[in-house]
Each structure stands twice: as C-alpha cells, then as structure tokens.
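Scroll down for the structure; my scribbles are underneath it.
For reference, chains read A, B, C and D in written order, and residue numbers begin at 1 within each chain.
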Amino acid sequence: MTAHPSPATTPSTPRSAPGLPTPLTGVVPPVCTPLTPDDEVDVASLERLVDHLVGAGVDALFVLGSSSEAAYLPDRHRETVLTTVVRHVGGQLPVLAGAIDMASLRVLDHVRTAADAGADGVVVTAPFYTRTHPAEIARHYRLVADRGQLPVFAYDLPVSVHSKLDADLVLELAADGVLAGLKDSSGDDGGLRRVVLGARARTDTPGFAVLTGSELTVDSALAMGADGVVPGLGNVDPHGYVRLFRYARDGDPERARAEQERLCALFGMTGVGDPLRMGASSSGLGAFKAALHLRGIIDCPRTAAPQVPLSAEETERVGKFLAAAGLL
Amino acid sequence: MTAHPSPATTPSTPRSAPGLPTPLTGVVPPVCTPLTPDDEVDVASLERLVDHLVGAGVDALFVLGSSSEAAYLPDRHRETVLTTVVRHVGGQLPVLAGAIDMASLRVLDHVRTAADAGADGVVVTAPFYTRTHPAEIARHYRLVADRGQLPVFAYDLPVSVHSKLDADLVLELAADGVLAGLKDSSGDDGGLRRVVLGARARTDTPGFAVLTGSELTVDSALAMGADGVVPGLGNVDPHGYVRLFRYARDGDPERARAEQERLCALFGMTGVGDPLRMGASSSGLGAFKAALHLRGIIDCPRTAAPQVPLSAEETERVGKFLAAAGLL
Amino acid sequence: MTAHPSPATTPSTPRSAPGLPTPLTGVVPPVCTPLTPDDEVDVASLERLVDHLVGAGVDALFVLGSSSEAAYLPDRHRETVLTTVVRHVGGQLPVLAGAIDMASLRVLDHVRTAADAGADGVVVTAPFYTRTHPAEIARHYRLVADRGQLPVFAYDLPVSVHSKLDADLVLELAADGVLAGLKDSSGDDGGLRRVVLGARARTDTPGFAVLTGSELTVDSALAMGADGVVPGLGNVDPHGYVRLFRYARDGDPERARAEQERLCALFGMTGVGDPLRMGASSSGLGAFKAALHLRGIIDCPRTAAPQVPLSAEETERVGKFLAAAGLL
Amino acid sequence: MTAHPSPATTPSTPRSAPGLPTPLTGVVPPVCTPLTPDDEVDVASLERLVDHLVGAGVDALFVLGSSSEAAYLPDRHRETVLTTVVRHVGGQLPVLAGAIDMASLRVLDHVRTAADAGADGVVVTAPFYTRTHPAEIARHYRLVADRGQLPVFAYDLPVSVHSKLDADLVLELAADGVLAGLKDSSGDDGGLRRVVLGARARTDTPGFAVLTGSELTVDSALAMGADGVVPGLGNVDPHGYVRLFRYARDGDPERARAEQERLCALFGMTGVGDPLRMGASSSGLGAFKAALHLRGIIDCPRTAAPQVPLSAEETERVGKFLAAAGLL
C-alpha cells in the first residue's frame, strides 16, 4: 500500500517501534488535554493522564481529536501535546494525532508537525467551513495522504463537519492506499457496518481499520467486525473499555454487554451541564475533565474558551456518576 | 477597554493613518488571494490586484475572508497576504483582516498576527466545528475583543459556520463596545435590517457599522441604512460597486438599481462550474479568479486545494460574462 | 399559457370575476384562521377579519398558508375556511388557497377542494417529509399544474420544507406554463432578485408574478421589481402594507421606507414568546392572533395545538407594540 | 386514561383479538403499498403481500409508515390500505397504523380513522413543517394519546421530521402512559440504547416497547435489549428477519449475525437508483417494489408521484441482489 510508506522509505518520519499495526485494533482513547488555570497545557497532568491510560492497557493513543479540544487549542498547545505524549509514551504504543483543520494545505501543515514529532498516523476530517462537494472530499484525502508521509485515518464526524463520509468513497480510498482506517464518530452504526462488510468483501483493502467513536455501542460495533474503539469516556475509565474490548475479542458477548451497560450509565455524566447555559461540548468535555480531576489524575478541570465551565453543583453530579460506577 | 482603542492606548497595535473610520462605510472588497502554480501566494499579482481595487476608489480592503480562500490558506500564506497588502496599501486605506478559526484561542493567535502586521481591524465568525451555544458565542466575542487589541467585526456566515448570529446579541455586543461592526453574509436581509434599525434606535452603539456581504442586494441594503458592502464580485468589478455605492449615497436609487442589476448579471459567472463535478466554492471562487486572470490582473487562476479547477469551457463562459458587462 | 385554462375551457373550476390578474400584484395577506375555544373555525371572526382586510384595500387574499396555520388545521377546518372566505369575498377579490401537503397526490386533493370552493389559484410547496430530489420537485409541480385545473404559485419556504427552490427551476417551470407565480418566503432576497431579473430577461414568462413573503423587506423587494407581498403581519396592519405598496408603486421610496420601518417595529411582536417555553410559530402566530383579538377583530386568540399559548404578560407586550404603532 | 386501554374500557375502538401484546415484540414489517398503473391501491396485490408476510411468521404489521409511502398517499388510499389489511389479517396479528401528518389535530383525524378501521395502535412522529419546540412535541404526544383512544408509538425519524426525539422525553412520556412504544428510525443506536437502558432502569414504564427501524443493525439492537424490528426490507425477505429475530431471541448471536449480514448485502438494492436522477426515497422504495414485483408478489412496481421510476437497467440490478440472496 503505497500511501503508508515504511520508515525506510520516508526518513523524514521517524516512527518509534512498534510502529502502527495493520490493522490498528483495540482501545485507542482520544486523550483529553489538561489545561492550567491560565490556559496553558498542563504537561505534568497530561503525563499522568497518559500513564493512567497506558497503565490500563490501552492499545494506542489518539491526541488532538475532538475530545482533546483540538478545535480550541492554538498550534503551540497542539505541539506541546504532541511532543509531550510521544516522548512520554516512548514508543510503547502507537500515537495517532488529529490534524484538524479546514482544508488540505492547512491540514498538511499539521501532518508535517505530527510527523516531525514522531506520531504514527494522522486523523483527518473532510474539509469544513468551506462548502464541500464529494469530489473535493476525495481530492482532499488523496492530497493529504500523498504529500503527508503518514498513514491517514478518515474521521467521520458530521456533527462538526456537516457532511457525512460515504461508505463507498471510504472503501475506494482504502483500496487505493489513501486511507489506513476510519474513525467513525457519526453515530450511524448502519453506515459503519457497510464499511466493515464492504472491506471484508474486497481483497484490496488489507489492513484497513474501522474504529468506532461511539461510546455507547462499542460492544455491538465490535460484534459487527469493527477493529477498535476511540472512546472519549475512555479517559475516565480506560480499564472499563479495555475489559469490554477483551470480552468482545474473546467471544464473551454477555460480559461485553454488561461492561458496556456499566459504561453507558457512566456516560450519563456528559449530560450534567444545563442546556440553557451551555452547549454539548462544554457539558461533555467539562464532565470528562471534572471526572479526571475528581479522580486525582489532572490538576485542574478547566476547559478551553469559549466553553462554559460546569457549576459546583454540576461537578458534584459528575462525582455521583463516578461513585455509582465504583470509580471514586 | 473601549472597542476601538486608539493607537495611544494600545501601543502594541501600531496602525497607520488614517486608521479606521467609525463607522466604517463604503466598498470594502474581500481581496482574492492569487496563487502561483505551486500553491504559493503570488505576491506580484496580489499587489496588482490591490492596485486595481484601490485605483477604483474602494474605501477599505478586507483580506483573509472567505473570498480570499482563508479557510484554505496555511498560516504562512495568511501572513504573506497580510504583510503584502498592509505594506502595499501603505496607510492609504484601512485594512481589515479575517481571523478565521474554530475557537477563541486560535482566533486570538490570528488577531495578534493581524495586529503585528498593522491591520486596522479583524473580522471574526462564531466558533465552528464545535457544537456552539449562544452563550458561548457571546463569550467568544467578548474574549476576542478583550484580549485582541483590535476592533472586531462579527462575521455572520451561517453557510460556513452553521449558526446564525442573533440580531439582539449583535446589538448587545455593540453596546458593550465588543463589536465595531457586522459583516452580514447570511443572505437574510430581514435580519440585517433588524440590526440596522436596532442600532439606530439605541444611543449606545455609536459608530457601529453594518456591512452587507450579499453581492446581489447592495442597493437595497444601503437603502435600508447599511453602511457599506463587502462584495466578493468587487474583485472583478470594483468600479461597479464604487459607482453603486456613490449613487446610493447621493440619493439616486434608480441609477443604483441599474448598476446593481448590471452586477447581478455579472454575478451569474459564479454558476459556471458543473455542480456534478464541484462545489459552490470551487465554482464561485474559480470564476472570480478566472475573471481576474482574463482581465490581466493576476497571473494564474488557480484556486487552493481541494477545490476543483474550472474546465476550459467553463472558463470561456466566465469570459462571456465579462464581455457582456463590458469588462473585457 | 396552457397551464392556466380560462373558465370557459374548465367548467369544473367556476371562478368569480374578476378572476386572477396576470401578473398578480399588490398586497395579498395570508389570512389568519380564528379558532373558537374548542378548536373549531370561528366563522364570524373570520368574516370580520376578511372585512378588515378587504376594507383596507388589499388586492387579493391567501387562505390556508403558513400564517393561516394550515399545517395545524384538519381538512374539515380547511374547507370551512375556504368556503367561508370565498363566499364572503363574493368575487370582489381573487382568493388564493394553500394546498399544503407532503406530496403530489395529497396536494392534488387539496387543489380539487380549492377549485370546487371557487378559489382562483393555489399555492404549493416542494414535497416535504420525503427525501426530495430536484427532479422530483419539478415532477411535482408539473403534475399538480397538469391535473389541478388552477393556476399554481410555488411556495418557497425552506424553514418548513427543508429544500430551497432553485431560481433556474422556477423560471423553467414559469416558461413552461407550469407556474403562475412564486411566493418567496425564503428570506433570501438575492435569490428573489435572481427570479425577478431572470423573468424580466426572458420573453416566455409573461404574467409570472413574484411575491415576497418577507415582512421586513417589502420596500426593497418591490424596488427590485417584485410584483407584490404576502405579509403575515398584514393581518394586523393591512392599511400599513397597502400604503407601503402604493408608495412603492408610485415611485416614492422615502415614504415606502418610512412605512416599512414602522412595520418593522410592529413586527417585533413576533418575538414576545419566551423561547424557553415555545417555538417560533407559537410566538409569531400567537402574537398575530393576540393583536387581532386586542384590536377587536377576532373573538379568541387561541392558536391550534400543539402550539403553546402566550402568557398574559406576553400578550400585554403585544399590546404595547400595537400602541406604539398607533393601532390600539 | 392508561396508555394501553383494553377494548372493554374503550368501546369506541373495537380491536380484534389478540390485541396488542405489551410490550410489542418481534418482526413488524412496514407494509409496502402496491399501486395500479393508474395510481390506485392494488388491493389484490396488497392482500398477497400481507399473505407473504404473515406466512413468513411476522409478529405484527405496520401499515401507512414511510416504507408504505404514507407521505405520498391520499387519505382515500390510506383508508383502503387500512381496511384491506385489517380485514385480511382478520385478527391473526396486531396491525399498527401510521398517522403521519403535520400537527396534532390532523394526526388525530388519522388516529380516529385507524381506530374505526380496527387498528391496534398508531405510530406518530413529532410535528413537522412547523417550527417545533420540545415543549410542543410533548404537548403533541400527550394530546394525541389523550384524545386518540389507541396506543401511541412514537416514530423517531429525523431525516423526515427534522427533529430528534430526546431519550429523556420519550421515557417521561412512557412513564406517564402516553407512549406504548418507540419506533426508532433515527439510525442513532446510541440513542436507542439510552431508551432501552432507561426503560429497564425504571419501574414506571412496564410494557414499553422499543423497536428499531434500522435494517442493518437489527442483531445488535436486539442484543442491546430492543423488543423488535420494523424493517422496510422485511417486505422483500420477511423470512430472513423472522429467522434473525428468532436467533437473537434464542441466544444464538453468531447465527443472528450471519443472517443479518446476508440481509445487509440484500439491502444494497436500495442504492440502485442513480442519484443524479432521483432521491433516496425513489431509489429505496422503488427497489423494494421492484423486488416484490420480480418475486411475483405484487403486480406493478409503480411508486407514487413525484417519485422517479427505476430504469430497466436499475430494475435488473435489483434482480441481481435477489438472486445473490437466493430469493429469485
């Protein structure tokens, strides 16, 4: 697959062993970005969070995705996150990096930064802000893969990007070596299944990974044949998702379902924020960070501007979700 | 702070005379960004384009907006555009700069760059990509104005940002000194009028400018009381928009309408691109650049990736629109 | 124009003199539907409302549109409205009837009812609820015009129908005799102008009427060349819209604008409803009916279920808007 | 009233034994509506289709849903469908009827017709066409349940209705006896799971049924705890969905998955229509009807206007899907 050059042919992208498995499988949490009270990256907290995730047995890390508040972070913060995590992981696990920006040339700048920092792959959405045509989405991914020197995972996130990746397009790009995988956060599990079954029916997409970003349906996505999961809630309870993945992998759907249902209850924390006062990002990311703070993993629960902070009472409700799940 | 700090109180934002009038009025074209065949900013063409616009008598320039392909341009290109235009204009006219990015801290980085380059104001959308609540939009503008050290114009562009700025919120931010003006590209002239009349009815929004970004209804927006116009098509025919503005200002609605109707016909060029092959940005921005190329103002009609180029036949149709308008 | 058969050739659609002018011009209020406290059509109030409108000098009436709560009214209520208004008007003015339903065969049932009741034309949206393709929109209008035996006005209302009528499609259907006119409630005055100028540039759309449904930009729509206006607020203040239309027709843009601005202020009543408690229909239609009740024209301000009623305090605010406009 | 009144307490709604189980479970195909070449309901074909479904062992029938083209069918056609199916089924199975219309009073007319015809329950969406507030959605369901005299199933279909039913609202309405169940065609299986788990966690929603309308994820929805499935594709292959349901019920997830994957392949038929020529309804419903025609169950594959018919070549491709699934 020519789009995924080996380290030997692309000396400009030194990737640590063990590099990126093909396909990528397992639990790949999108790492939250702890901030200091004055809006800097809190490096010590980030390292503790990485230890928390790695220690739980996750299979790879995804930095600078939506749960990482990538849309809110200046480039300088993004670089700090990347270099901190790559260095701290030290090659124990693959690190994927979001390259979240509006169009191809801007995305390519982030891809270069990720390559220089030693990331093992990048995660890229369709163009946004622009009025995008399917032909332009295809051009975008081809260009990013061709010039970018890192394996590319398509990131399907219609709630942010306002277009849906078509299953046939994804498969065509996979077959052409443009895409190494798909992170499907569309919530449309029928569409995810079309990609899984389409890839299985073809012989020209070996190693293509389908990862679900939907925290609430991981057991069923894995039962359908998805390769892994990228759960925002995995920041809070990585052990739970690791157990869930192992039960599913080992053919124990009952235990997988029970674990999933426990995590569904925990996910209720994302709704603590008052919808009259704040949007869904403020509530959901605020809850994840409050939980990490309450669990003692990060120093400060602050989310990036212009998100609205949780109130004391809302934070208290996060604590109750943790307690009910046995996490406090 | 007041919304429009004078150079004396904000030494970090050296702005050339004549600075920014309050309110900003007249024709403020959103300057296209000419590219070389290898995707660099074509500085010489950009300077010719600026001369073309200034020579036509426009009142200010707006760089790095949607018509400038700001969403497609890497930061390095954005800086080149900014410094080129500010230097080339040399204080003859105010220069506004788009600070187009997803959320507050990223926008603030662009605002700082704009201030350092000597821009006279910035144009800022609501947050996008993120799931945004009205309270977060208000926080966003307050933060950008407070920390940004440049007058802020709100940019209402629902087709890109997927939220609409509420008239009452805009007026509240104007009254609080957060906003120096509004660039309304929503196409909703009823909404624009609500802002115009709301500002007129209050005593606490002196100097607040309402600019329309809708090329096809400039005469009526001005008749309603809008202060100016930011027409993408003004790249191609700045003289037409300057005449239109003067007719409107001088109380000659008939001539204003005739000029507007001529420009409406010319605007038909934005539809030359085959919708089966490309999106609306590729077609519209491609047509503007093809026209500038055909008129001899820029060297290369290339649009930034992943936009789809116009075909030879589509470019020929652009030429026919120019010829019909007496511009070739 | 074969789509608009004369009474002689279509004996099944007896229309009263003076029939429908081509083009239809002037003020065509979308008549509110007064209800009794037990959700029946209040015929006496409806007749008083018709007298109020006719007495103000409007040019035609439009029943069973969005402002008439057509989406909320059972077919039996719709028929009562139609027969009441047609009979009460007695041929003094043309009566248009909304035929608001999801797809062609259902719409045709309403068209037949309208024809039988003696309406002079029907107003028809694109299909909705269904996932609609532009080719299907064209088929829809062709079928309704072909089988429907009444002149058809296209109703562009993206906020309800979730698709926008394309200007080129409208003009093609006009040229083919399918459409007698357009009621544009899209709020997109650039699009309205494209239809106005497109119709003027062609020789094959004689008598095609472009009517704006945007209460706040009537003066400018008329200045652009629109033929008339269908203002929901015209229920409350028909005299104002009649004056506005006459000023515009008689070439007095200053007075037209002043009248329009007075009506813009009055339109503020549509925002009285608390957005935490109710949607925009409940607030806007509730305000119109509250105003008609306060002015003594209808007996009961009730809106149809499941709309939320205005509170006493919200109704009081409607009264203040009336008082400020000299209507109480 | 309780949400599930027995015949004894609601004499106005004579329902045949065995009435409606609580909760409703199993396979409930949304019955296609065969048409004659002149757009009448083809009663003989409809009866053959019912026999085909009942003979396959389905658990109930759902008429007048989206797959039945309810949005396209005049009321007279709707009544013919209802009376034909209720009479032909003769009480062997429960019959649910869609009551698809824009707002409460119109929906109630359909509910009354359904009750008079002997349907066992109705399926009702949120209001559409109107600009709808969550409070109005709640009022709508309460009113329809209160006045309607039949068990009400909420129909979550954002692609048609343009709002999503909130899980908490659904559960609240279930607890209040307003809703007998949910047909979730949103494609959002995380949301479906929230309702399933929420209902299980409460003691006040006994008998509440959660049915998925997503053909491609039935095995996983059942594994999550959904009670049944309403598959449009079940018209074409009811035996497949009956097997799938039984495997899932009997704790054989492997076989359930294999059957589901076979049905996923068959579902590919819904994409045969050229997207340049037609919309998704024309393609999907056209494919179902072409398949039923090719299988000899209905006489004519015609879909209702303004849908675009499949071409001969597209129909041939439907045949290939049938052949590949062993259905021809």
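Here, a contact is a pair of C-beta atoms (placed from the backbone, for glycine too) under 8 Å apart; a residue touches a chain by one contact, two chains touch by 3 or more.
Every value quoted in this text rests on a predicted model; they were computed, and no experiment measured them.
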Original post:
Do the two copies subunit A and subunit D share over half of their interface residue numbers, or under half; same or different?
Top reply: same
Original post:
Can you name the chain that lies farthest from subunit B, using the mean of each chain's Cα atoms as its centre?
Top reply: D
Original post:
On Cα atoms, by how many degrees is subunit B rotated relative to subunit D, nearest 5?
Top reply: 180
Original post:
So, what's the distance in Å between the C-alpha centres of subunit D and subunit B?
Top reply: 50
Original post:
So what's the Cα centroid distance for subunit A and subunit B, whole Å?
Top reply: 35
Original post:
Residues of subunit A touching 2+ other chains?
Top reply: none
**OP:** Would you please name all pairs of chains that touch?
**Re:** A-B, A-D, B-C, C-D
Original post:
Which residues of subunit B touch subunit A in the complex?
Top reply: 39, 71-77, 100, 102-106, 108-109, 127-133, 135-137, 139-140, 143, 159-162, 275, 277-282, 304-308
Original post:
For the complex, which residues does subunit D have touching subunit A?
Top reply: 187-191, 193-194, 197, 214-217, 219-220, 223-224, 253, 257, 261, 264-265
